[in-house]
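Structures follow.
Each of the next two complexes has subunit A plus one more chain, namely subunit B in the first and subunit C in the second.
Our next item is the complex of A and B:
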């Protein structure tokens, strides 16, 4: 554990910038929104900004991504395929713990199943992660209900906590330790550790008064969602409010459905692109020929909440798929962000 | 898996020969450019591959050849953008192949049992691999029955195989055509009605069913009515698939993914997954 002065904390980002592309929370001038984006200058990153509007998912799972390119010469009967994906080392600086939990879900899903995803692995293998403890919850947060905050437990290289005037720097890996030593940061003492615990406890206690938007006791509904013992009417009510925009899946730190297409780039060449997809879309499960086994919108919404809340999916992620960031509730044009869905299901259980 | 890793990046194969099967259905015989002798990767009956048509896209398709000693081929119906483009190709053209993926048919569990195949139309394509395998190892199984339905005689798949199967000893073939047609002197009616007309073994029997949803449901009703248990009815499902390796999630049914947990399911599994066929 180390200590760094508040006005020097972005020096860590500067240091990382020498070796990595650095991503972090940046205030977008036009929209005045906090976005988690690539910072050309590490000085743009501000750790005091509120939770970013987008999770860091797009760094290792971009919305549009080329995974290979190929040429085919039909006249001479020749074809050539070339793997073509980005593997530049990237650093995520000032990531919130909910977003890190979402990323760990993706790690287990993309790398821990029967097949490992090569493209994802390339993004992930040289990544440096610096998390930032939320010493105060934001309006839409409910990470205390999903065990993913307000402070990260695992998966980071360095974890920062604002102690007022200075930051505690916790080390989570050898890579992180090396960087802290390279910057010759002063060691932290027991009092700093105690202060961090105090601040995390205070943050948790503030959820009642500050995080007013959402409450989601997901542990109460996991059983019902897994067994499917939920009245069809509840899903219909939820489906009725879905406008099929797909926004919830795009801002979700743990949603990872993708589509694959081959846009033509020349007379005899094409790319293979991987793009985000959403289970909200009607075409999601439609097969060639038009047969669609999952047509009604409530079936499709049911699918998303099954992914986030069921025990079977949790086994793949080794935790619930929902990480409590509250973004789906924030962007939903209806009223079916995950916390509300949990409320609807609980209401039905209590009947 | 073979030494060539094609799970993400396809390997290139050459179309050696194209055979017209029925209207809109062609068989493409392939050799693999990067493998010794053009030999196909090892696969199990019931698995599938992802086939890239350059400049058009990629689609999932079942494997009809027997895994033992058959020329590697894909039988594809022209049904959408990518398969349309495949049908435009000629012998000598290249395609990309990833796979094989999926679980395959449970052959170890069915040794010594009677085997029933029920196929509707092009539902015979994914079953062909299994039929060829069982034919070659006839002594390991009990009675072998094939029930096949098609709209017209011209829409019967694999007519060159059917000829052999009809006369093969120990192999019972029953074929029906939906409506009477001049020149057809066989059975008429939907394929599930055939099951009523024949003495179908029930004890120690496994049934492979594949076909359009309406036919599937009618056949299931008939088979379970005869007393064949839900675990003994096996089918292979098709879904919208993009990756084949359990990542894109398009093929999810209930808590399973057709590409890695399927495509072969028992009817008991299909029922509890709670989605329509």
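Our next item is the complex of A and C:
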């Protein structure tokens, strides 16, 4: 554990900028929207900004990405396939703990199973992660219900907590330690650690008064979602409100579904593109031959919440699939962000 | 910051988005939380717009047809061929030359195309390819209030206590407006849907009245009658603000209760209650489709009159709201893309308005109104030369007439079947490669800034039109789209206060924007309106299309999931295309939606082939069995090639009636 003065905290980003592409919360000046993006200059990153509109997911799993290209040599009847991996070292600075939790889910999906995704691995392998504790929750937050905040407890290289005038710098890896030592940060003491605990406790206690948009008492519904003992009518009620836009999946830090397409680039060449996909879409669940096991929209919604809330899925992620960031409630044109869905299911249980 | 703010250009909602611009391409899109209409939401189309912007199906270089084949050419050469072909017809341009404009082009581009047609090539034959749905709404609004556009405000949907959705599948056509309506209903507004089909918004409504095809007008008239008979009008309001009341009253007098129940097929008590609720509610809005599947002018007149009678026009949270399906449909009419209109709904027949244009442009405009391109083609009148811009549909309706033309030029960013019939093809930059303004369904003029350099040296539309004009000998000399907007402002009272500089960094300005309203106009307002607003003149004919023994089923025509008509752009994406194809793969020949009772009678199941026979023609398609349509009505999505190019062409008089276009048919098993 180290300490760094508040006005010097972005020096960490500057230091990282020497070796890494640095991503962090940056204000889009015209629209005043905070976006988690690659900073052209580490000085653009501002830890005081609210939770970014977009999670850091796109850094490892871009919305639209070329993953390989292929060419065909007609004369020699030979195809050449060139993978297009992006292994540039990337640093995520000032990421919120919910978004880190989402990333850990993505790790389990892309790397944690029999098949490891090389494209993802290349984005991920040289990554440096600096998280930022939320000393106050935002309106839409409910990470306290999903075990993903307000402070990160695993998966970071450095974790920052604003102690007022100075930041506590917790070390989560050797890489993190090396950087802290390279910057000759002063060591933190027990009092700093206690102060952090106090601030985290205070943050948790503030959820009642500040995080008013969403409450998601997830534990009550995990059982129901896992066993499927939920009245069809509840899903229909939810499905009726789904406009099938895909937004909830695109903004979700832990959603990992993608589509592949091969646009032709020349007479004998093509690219392979990977794009975000969504279980909200009818074509997503359609099988070759035309059969669609999840044709009604409510069956597809049901699938999404199974992914986020069921015990079976949590076993794969080693944590709940929902990370409590509340973005799905922001972007939903219906009224079926995850917290509301939890409410509808609980309402039925109570009946 | 690689995210640049902009305006989504799919539908008429005009949502705000941030585009992820890296190097020379757009790699993603994210919703804009601060945008007053979309408030951080996008629909399936908006979320995948980067796929369209990355398509390989862009037009890359100018092409000229030589010996029957299109070959690459320079802009100069291609423009030369175009100018030669149009200039030589200048004398007879009113008969021989036409311009088919796009409701997707920016205001600047459409303004210049209009100027090109009229001031350079001497013809008033200019119209939109989605003619004439929205025009009918504009006629009614303009005649009644002087405002040729939506009377309410999308920002005020949450303030409406009563919302009527009539004949529009709004969560599919304009999903974010549908979302606002849904959210208003969740917050306590009374939501009523009147539709022939059981749509999503119908399921989300407090009341859903499933009317028979062609009976919207009667339903509206009946509600007005209820309001009158139960003395629910505000006599003071009617007297103080309106004219033409007596005419409307006498039009609906002839309506008989028994007739209404029979013709609409809905429960009269329920309809009556809706009428009462509308009148008693503090604020109310109505939404209906204004475009290819819009209503006929009579029905729109009745909707407008009903709301005027109920006193729900001209105040916050109130309004009659025709909803445009395409991004710049409203703006295109604002720019005078119509045979009889100049900008801002100024009439071409108005000598003073014409003189203003003559003076500004240094020309003498042809005074006689032209004709719409579709009308000319449908009437079998042979245009000899035509310029087509960014055709929105991938199927060409009057393909034989187009093939027979001496000269066709196609101008656009994306490939389209029209290219197969073109003698000259001119590429233009996409909307992210140049500045331009777009006017959404609520009259909000928004500036979309250039984010990328045009690919492979293509020029933006405003520049191309300038190049064409100058090749033809005119001196235009615009240096930027902002210059064009300045000219629009000089010539158009409702746009007088609009400039790029003013729009920059804002979420748009709603016209009229002028000296009196420097910050635009949120909604039509009764305050300060110089003259009384008038009831729309309507007739008292309450006929409905009737099925007969020989043709027992009423066939409706409309839009399909994610896809209204045969959108050329959607076909250049991957995920939205897949969603579209999900329907096509199941029903490769298209489908006719049929109620389970009818399917049983016929002895067919889902996906069985059937033949639709009308008094004029027939076509084969497949059956989709669904309870979304009532017994003895059938619904056919407007996107199947044979349907559009053959079957419907035989029904041109019927098709003119938009949403009320119903064809009595017989369906037989094949």
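The definition used in the following text is that the second predicted complex is superposed on the first by the 345 of 351 C-alpha atoms of A that agree within 3 Å, B and C clash if a C-alpha of one lies under 4 Å from a C-alpha of the other, contacts with A are read in each partner's own complex, and residues count from 1 in each chain.
In this text, contacts are C-beta pairs under 8 Å (C-beta built on N, C-alpha and C of every residue); 3 or more make two chains touch, one makes a residue touch a chain.
All values reported here derive from a predicted model rather than from experimental measurement.
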Classify the contacts of A:217 with the two partner chains as first (subunit B alone), second (subunit C alone), both, or neither. neither
Taking the superposition as given, does A:30 touch the first partner, subunit B, the second, subunit C, both, or neither? second
Counting only touches as set out at the top, which of subunit B and subunit C does A:282 meet: first, second, both, neither? second
A:240 in the overlay: touching subunit B, subunit C, both, or neither? Say first, second, both or neither. second
Kindly classify A:331 by the partners it touches after superposition: subunit B alone (first), subunit C alone (second), both, or neither? second
Subunit B versus subunit C as contact partner of A:258, first or second or both or neither: first
Note: overlapping subunit A surface for subunit B and subunit C spans 259, 261, 264, 277, 286
Within their complex, subunit A touches subunit C through residues 26, 28-33, 35, 37-38, 40, 44, 53-54, 58, 62-65, 240-241, 243-247, 250, 259, 261, 263-265, 273, 275, 277, 281-283, 286, 290, 292, 330-335
Counting only contacts in the complex, subunit A reaches subunit B at residues 67-68, 70, 72, 74, 77-79, 81, 83, 109-110, 113-115, 117-119, 228, 256-262, 264, 268, 270, 272, 277, 279, 284-289, 291, 293-294, 299, 303, 306, 310, 312-313
Applying the document's contact rule, which stretches of subunit C touch subunit A when the two form their complex? 1-3, 5, 16, 18, 20, 27-34, 40-44, 46-48, 50-51, 54-56, 171, 175-176, 178-179, 182-183, 186, 200, 203-204, 505, 561, 574-575, 578-579, 581-582, 585-586
So, in the complex, the side of subunit B touching subunit A is made of residues 7-10, 12, 14, 52, 54-59, 79-83, 92-94, 96, 213, 238-240, 242-243, 245-250, 252-253, 255, 260, 274-277
